[in-house]
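Structures given as structure tokens follow.
The following pair of complexes shares a single chain, subunit A, combined with subunit B in the former and subunit C in the latter.
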Partner chain A sequence: MTAVAGLLARRRGRALRVLPLIEIGMLLVALVTPFVLGERTALVTLATNVLILSMLAISFDLCWGMSGIMSFGQALFFGVAGYVIALVGRDLEFSHIWGTLPLAAVTGFLLAGLLGAFLLLGRRTPTVIFVALGTLTGSYAAERLVSGWQYVGAGNGLSSVKLLQAGSYEFVEGVEFYFLALGVLLLVYIAARILKGSQLGLVLAGMRQNEERLAFFGYRVQLFKALVFAQAGAVAGIAGALYSYHQGFIGPGNMGPGLSTTAVLYCLFGGTGTLIGPVIGTAAVEVITYLLADIDAIKRIWPILLGLVLLAVVMFQPKGILGIFVSDRERIGSYGVRTEGQE
Partner chain B sequence: MALLEVRNVGKSFGTLRALDGIDVTVEPGTFHGLIGPNGSGKSTLLKAIAGAHFPDSGSIIFNGRDITAATPYERSRAGLSLKFQITAVLPELSVYDNVLLALQSGESLWSLLRSRSRKILHGDIMTALDRFRLADRADDLAGELSHGQQQWLEIAMALAPRPRLLLLDEPTGGMSPEERRVTGELLQPIRSHCALVIVEHDLDFIKDICDHLTVLDQGKVLDDGTVAQIAQSRRVQEVYTSRV
Partner chain C sequence: MDEVVRLVFDILAFTSVMVLIVLGLGVIASMMGIFNFAHGEFVLLGAYTVFLFHESGLPVWTGILAAPLVLAVFGLVLERTVIRRFYAAPIIAMLGTYAIGLVIRESVRGLLGGLYKSIPEPLPGVYSLGGIDFSSWRTVILVVTAAVIAGSWLMLTRTSIGLQIRGSLENPALARSCGIATPKLYALTFAFGSALAGLAGALIVPLYQLSADIGLRFLVQAFLSVMLGGVGTFEGPVLGAAAVGATAAGLPWLVIPVLADPLVFVLALAIVRFRPQGFITQGRL
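Then we have the complex of A and B:
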């Protein structure tokens, strides 16, 4: 625990809750952002992308930060769902929000459930490395498969994705889409927060620390993991659909190891296991990327600089930016009524 | 009917024959000790009963049901509970939450998501912590407890789901003499509803709390009987005087 976190964490030996303050602060920032940005549409687009990619980062946090499942394949569910809604729009002329977003969630859920069943539900407990490589392979294989499949646009991907509709209203890139993405992100965030704070969240916190111990308590650890993995897949799927509608494009790179690894970096940068950390990490990485890429003097070397920044954070602040302010105790949470009542 | 029957169980690790035709019977309500020199197979046998290892041969019958191939999850649901040799509390969770985690293990996924039972379980959690002298540490992180207190917490967690058989692997390892004495006292009240199989190097502790002993040597049962019988056993004395 850092000195700042230690200072903030002790109040008669009990945790001072910092996370809700950060969450409220982030919500306020998100609510005023489009008004501050005004007519600068490129920046509104960037902010909307941050919201959408935050969902991808949260999906990874559900896996690793909350449940100890090291997934290097979250982009697989993101990309496949993005393709599915793009194809539904192209071939069925359907892009209604009440149909396509649930479809994207179901697609992500089923695909992740299938992969999770294969990777996690064997008789022997899978190692972290096995799951990491399995998910990475899935993401890579899907990218290669799509790159050579003409029906889905092969290497060019699918462009001119039909606009997302709500009744006769069409969501185009801009402030309206921003608030739609913010609304969906809020729903996803609240659902993840409820899960984390529930008794099921306690099981996940225990699993992450010592899954063998939990198995001997009588928990079906691998089944729990597979279900959380599938749920995280649904979140990634929703994000993929929004991304596809927002960009008007989905391509092989949107389901490959590159984006999967970026989601991991978002989380590590912001702070895993906190839910809000991945959102902060996504915003930080995307804004730094945008700023560095726009400076003439370093236009050619900005990816190296970004890489160095990320490396520095992961090496010297492994609990991410939030680790400076949030104690381990608060990050992991307390679940009993006794502790709740006393805080 | 015996609560646990280990019948002709064998287990090898490569060329090492860790268990070789082991037979052990545990009656309900008894405290059964497994003793023997280092490497005699005590912990391996305990792990085979708990489901951490699967035997190569033989069978394990618990409460009339063959659990030889059952997973730890299935064994736990059947009423078996294990305390590991190396303390396995969850250090980043509070002492209170460790016990809650153990107590709620029988609930469905949906029930856990709705968090309906945490208020109901509060009394049981505090009773368990009180019994193991941990009530005043309920809000502390489990990792902040002393080694002895972590051992007690893990025993409290293992007992929380009210198992019919508790397996303890060296519960007093690293404890002070006073903590060992208290551990013996804390275990006595469970006799009414739970049998105990205990692996322990401290023979004084074993003699104080156990009714029945099985002595293992080189993966085989050397002798089996009451504490008094084992104390008189020449074969056991030979092994202990020659190797311990």
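Then we have the complex of A and C:
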């Protein structure tokens, strides 16, 4: 405690940064969790799921929070990558980690790149509504297509996905898979943080404030958006692959608008644009869902409650939970000379 | 020949339902700039109202009459309490209306118990015309849609409230300064759009089975229709709905059904991509 207080005191003269503290706190919680849960496998599975879905939420945050693309189709890349991995396991009997996870990332990147290029690039600037609708449509069309396609298992999806291998070791549900997911999440998170703090992130921050002005400066705004969209697709792809391996199953529902909008909910609930917010949001929503699943009376109305929570967040707390603790400047990212009265 | 006539008739019937849904969505989008993601669920609520009437032993047609009224009141209350906060921010509106849709869908799912329910056609049977059998109920749908389109058109072009609506669409600030109460008009428009969705839901529920998920499909198709036709016009969404509805109903005859459904979306999206202003450009509702 004293160390934290000392750290706070030392930094008080400058900016009081809350986000790094929250990030460190979350990391500690994530590291300790499996040891606390120990042998309760159901809970370890839940925790692993939270980590994997966090990546999907981060991927949405990259779109919406960082570059202002309202994507209602993030699950499309999640689901397609999951299917690709499952098919590679089934038909080529290959599931080595060094090959499949990059393959998932590339799948997500290319698919999102194509969709992003189609929706965003062009002579005319697309409206936000068109992009939102385009992603939603893509996700919905893919779900319909897959649920009628016998080769990929139609409505039943693909089950008993080949286990993820590292050398001769096979990952099954449990603590090992948890730490694998945590490791991947950390890598993704750090990459996203670097992206946010980089020069590209600076352009994105400018775009969020005034897209037109950036365009007049000579930046090809839509190209930047498409690039970030593709990267977000890669993140969603990795998450989808891990999900597919972890559950041993992937189905049409994993690429539809349902999961896409759940990702939106995670992100908005936690706080958009912060990167750690989506992780917190995912953990909060999933854990509460799990706790309430035992109570029959609430379990029935829980989806309704989730909708109401989303509505309440949108109406009254658009910055999410983190918006309560984190200043706007820190949330959005700070660049350039600090001026008085901005905090 | 008989086959062709019957096919055209079926496509027309399906298309007219799309037109009803899209008209409601388009009117709201044009007036307030809000894309109502809960619109599919309004259709669902209309269908559910008919189901409730049917369950309680009343004739189905009373339910069909009641559905637009119920939805109009529902829309009015919703606009007064929630939707009006979103006018300044269309993206927030999208999320907010999506949340509303989620709440409605899950509530109906809970009430139905996840089952599929079917409701008998209030006007069953067929009639013959020139040796070809036509379904009576589908004819009713066609006639009602034509009447609604004509009625809305007359209201917009011939009445004073229509003039006010056109005025505040063209220039809200000027309309307000002329003494037109735009908030009231917005509330009315929203209620009207909701009522159309309710009517559409009530009319189609005898044809489809009632389940909580019917809304989403209509939502995506209706959105594409509005974008296809052009926001801010009256004819645009109607034309767009006709195009999407006809393609959606006709395409399964040309390609395998599995591909047909996604193909409609991809086609429509591609057209919107290259002609974002829609079929009808000029905003002259």
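As a working rule, the second predicted complex is superposed on the first by the 319 of 343 C-alpha atoms of A that agree within 3 Å, B and C clash if a C-alpha of one lies under 4 Å from a C-alpha of the other, contacts with A are read in each partner's own complex, and residues count from 1 in each chain.
Operating definition for what follows: a contact is a pair of C-beta atoms (placed from the backbone, for glycine too) under 8 Å apart; a residue touches a chain by one contact, two chains touch by 3 or more.
From a predicted model like this one, the values you see are computed outputs, not experimental measurements.
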item: Joint occupancy of subunit A by subunit B and subunit C, clash or fit; value: fit
item: Degrees between the directions from subunit A toward subunit B and toward subunit C, using C-alpha centres, nearest 10; value: 80
item: Partner chain in contact with A:Gly206 - subunit B first, subunit C second, else both or neither; value: first
item: Touched partner set for A:Ile129, first subunit B, second subunit C, both or neither; value: second
item: Partner chain(s) touched by A:Phe216 [first = subunit B, second = subunit C, both, neither]; value: first
item: Shortest span in Å between Cα atoms of subunit B and of subunit C, once chain A is used as the common reference; value: 9
item: On subunit A, positions contacted by subunit B and by subunit C; value: none
item: Residue ranges of subunit B touching subunit A (in the complex, touch as defined); value: 50-52, 71-73, 76-77, 81-82, 84, 88-94, 96-97, 100-102, 104-107, 109, 111-115, 117-119, 122, 125-126, 138-139, 141, 157, 161
item: Subunit A partner contacts - residues on subunit C that touch it in the complex; value: 35, 82, 85, 90-92, 94-96, 98-103, 106-107, 109-110, 216, 220, 223-224, 227, 257-259, 261-262, 265-266, 268-269, 272-273, 276
item: Residues of subunit A that touch subunit B when the two form their complex; value: 13-14, 123, 195, 197-200, 202-203, 205-206, 209-210, 212-221, 224, 227, 328-329, 332, 334-339, 342
item: Residues of subunit A defined as touching subunit C within the complex; value: 70, 118-119, 122, 124, 126-130, 132-134, 136-138, 140-142, 144-145, 148-149, 257, 261, 264, 268, 300-301, 303-304, 306-308, 310-311, 314-315, 318
